[in-house]
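Next come the structures, one after another.
Shared between the two complexes below is chain A, which has chain B as its partner in the first and chain C in the second.
On to the complex of A and B.
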């Protein structure tokens, strides 16, 4: 996956768990929690979706890396970089 | 095969927990002893009409787009859209006591205004109480020393009438405790009923239940109906197997039970010592449903729900007599903002009831007692409400006995035991409870309970 594809994968997850939010207006460096009104239940869902879709375990101590879009991409890229996109 | 989780009970909490687990590919099985889903909030058919058992109204109404309200959380966690639930808001509801009456809608400012007009001297205290309520962390899963809601209310309000009028609807819609509530529970209910408010799903409770079952099944969740849990085999502090009524033995990493705390401990084999100290709940109800040949409004019933007391002092306890006709809840399902009107006029009347009395009756006495108690209840009701007897075309009543029979809750206790297990833990490390006895009550509460217990104990691990 390229960085752009990782970003898209995160957007897909956010669309799934927050269908009413305007996902496209998300800026890379703003806090996700504030931009689309996410709470701890949503973060659990993000983590669970990552596990379900990509078989990635995000330990609780790493939740801080999910704070902004760019930190998400930076954290997940090394884990997803060698994955092929499912067709 | 070993399930990731087996859930006991296909009521709202069990179904919600099941959806959460199935959503993330857990192998999950719901076992339900009854042949119908829904538990305390089920439905039944008589003379081609479908009646909801539990539903007066769903509390916690919030509009589409709110993701942090209880309803918003429920919808997003179960991945439903707001419009899927087809919620129709109430018109106006009322708390009617001998000297005064307070109206409320889903606009909280309206209720504040009512209190300012009816209880001008209490308004300062009420606003301070409100501040406390708004800033309270009522959803914490940590159990603290119980705080009496009545005690807190009397710190802020000096008029016992206002205290009882606020307490009455909240007790009826969510107190397992007699004469009082724990303050956190009061806060949950205050927000659910007064600040957020009431709605009903178009299509009734079976519509919502079916929606949940369809989702659960589509996600690969399994369900076993009419074959409940007979026992839970315990070894070394763990639940190692679930034995069904037909003798089948099932294995699961976790068991999540919505049968009630005490009811669940009773299934454990060998029985835990904790069983001796656990107290069952006492609060249970009789409810009568009247189908009318006119709309309630034509008969002078223009509120969505009325919580009434014929006495200034409101009593909330298991009465010494079969039912207490001196207070109750009257629900007019027609008076909700449906897109198209309901086909028939309906009234539902609920009273506090004494489980022992109903339990000890023989079959023939039972039927006679239902009739007799219903007649007495109506006689009292018609002292303050218009008489609708001439318009009744069908009627049915259920009692604490019915509730116990169909839901398994001891004493027919609708809100479970007064002591809640807020973190859902039991003496056994992989056996958890959800629903009524975890402490989130009512339709929305039970559903959220199933969600949060599945999250906390199974998904986060």
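On to the complex of A and C.
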């Protein structure tokens, strides 16, 4: 996966978790919590979706890396970089 | 021969969920959606646990715990259940207090509470803002430093009227008192203050029907009349359960039964480390409830537009008085026709916090007499607000802690789970025994509809994590063989 594909994968997950929010307005460096009103339960959902879709386990101590879009991409890229997109 | 309620059940499951409270059902549904094989076992004939209702002759439908929950429930329905359920959440705008210290109406949100605290109770705006900001920043993982009493003493010293205004509704919501940790108060109070109090249009019966349908379409094997008698543990791992005398294997068990019942009776203390058993034995149960259900005759109406009324004749807020059998405080839930559109029916439910011990040691005739007395004194109290209640209502029934025990199997009929320490014990289960999980009303903050459902999600995440790691291990064994 390229960084752009990782970003898209995160957007797909956010669309699932916050179906009524405008996902496309998300900026890379703003806090996700403030931009689309994510709470701690939503972050738990992101963790569950990452496990379901990519078999990635995000330990609790790493939740802080899910704070912004760019920190998500930077954190997940090394984990997803060698994955091929499901066709 | 008795009907086999397990007919067609499989010999093994990924997860067996014990009990169908909102926590158990939310877990079962989510785990099934995540692709796991789930059996949901409920001993009663209805699903829902405390989220329940009953029907009586004359077209009466009586709800047990429908009014009300915080706005967060919309998101919880939307994400873990369905959009239709989320769309049925509506606000209850008329929340009333009436007691010797004050009588006020409120929408029960921060804006209105701030206004009342400032203009009715005469508290300085800066103090109110600091109070709200302090409670909003409380987290469940904070260290317990102060009790709710300490918190109130700090912000509103000597103002027992303000304490009552802030505390009474939360006592109704989760049975907590001034002596519980301030953080439990802060979390629950802030949840309500964000937007107010909400309910579910369609009633509890509609909700549970929708949930059943949703679980079925996601493949949950739902079994009512199925009592889980034992959880089998071998070499520190969950192996299966015994339901109605039949053994069924499973990789994980998610118990939505009471936490102490799960440890002491379903698993057995011998399977846990001694220090953990000690800790579990120290978990205090929360209190139970009495309720009086009043069904209004077809064609009659109630001329009272409140949705929730916190009424008391006690001089001030007092935990012992609130629990005493000589009832002085009652919360009335008014179910107006808009709850079940098209039906044009009303009902009123009075709720009182109560102690099991006050009801468990009575002879049958005493018990019946006390129940009738509970109904009559409740009607006397309600006449202040609905003067013709004895004329417009034609159905009356009472529930006591003994009733709650019978239907939920919770020890001492606890209707609010356990005190704060129960949460830590509940979270620790999977570290004691692989594959053993608990969700349910623990720690005060995981109580109520929102707390119960969300805790179900939190624990399901752990169950899912374990099931996936077990599956990965299994496939690695196959690959390397």
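Just so we're on the same page, the second predicted complex is superposed on the first by the 87 of 87 C-alpha atoms of A that agree within 3 Å, B and C clash if a C-alpha of one lies under 4 Å from a C-alpha of the other, contacts with A are read in each partner's own complex, and residues count from 1 in each chain.
Note that in this section a contact is a pair of C-beta atoms (placed from the backbone, for glycine too) under 8 Å apart; a residue touches a chain by one contact, two chains touch by 3 or more.
Model, not experiment: these values are computed from the prediction.
**Student:** Just chain B (first), just chain C (second), both, or neither: which does A:62 touch?
**Tutor:** A:62: touches no partner chain.
**Student:** Identify the partner contact of A:41: answer first if only chain B is touched, second if only chain C is, both if each is, neither if none is.
**Tutor:** After superposing on A, A:41 lies in contact with both chain B and chain C.
**Student:** Looking at A:51, would you say it contacts chain B, chain C, both, or neither? Reply first, second, both or neither.
**Tutor:** After superposing on A, A:51 lies in contact with both chain B and chain C.
**Student:** Using the touch definition from the top, say if A:28 reaches chain B (first), chain C (second), both or neither.
**Tutor:** In the superposition, A:28 touches no partner, neither chain B nor chain C.
**Student:** Have a look at where A:12 lands relative to chain B and chain C in the superposition and call it first, second, both or neither.
**Tutor:** neither
**Student:** Show which residues of chain A both chain B and chain C reach, each in its own complex.
**Tutor:** 17, 19-20, 39, 41, 44-45, 48, 51-52
**Student:** Considering only the defined contacts, which chain B positions touch chain A in the complex?
**Tutor:** The contact residues of chain B facing chain A are 23-25, 64-65, 67-68, 73, 76-77, 79, 81, 455, 459-460.
**Student:** Which residues of chain A touch chain C in their complex?
**Tutor:** Answer in residue numbers: 17, 19-20, 39, 41, 44-45, 47-48, 51-52, 55, 57.
**Student:** What part of chain A is in contact with chain B in the complex they form?
**Tutor:** Chain A reaches chain B through residues 16-20, 37, 39, 41-42, 44-45, 48, 51-52.
**Student:** Please output the residues of chain C touching chain A within their complex, sorted ascending.
**Tutor:** 34-35, 72, 75-76, 78-79, 83, 454, 457-458, 460-461, 464-465, 468-469, 472
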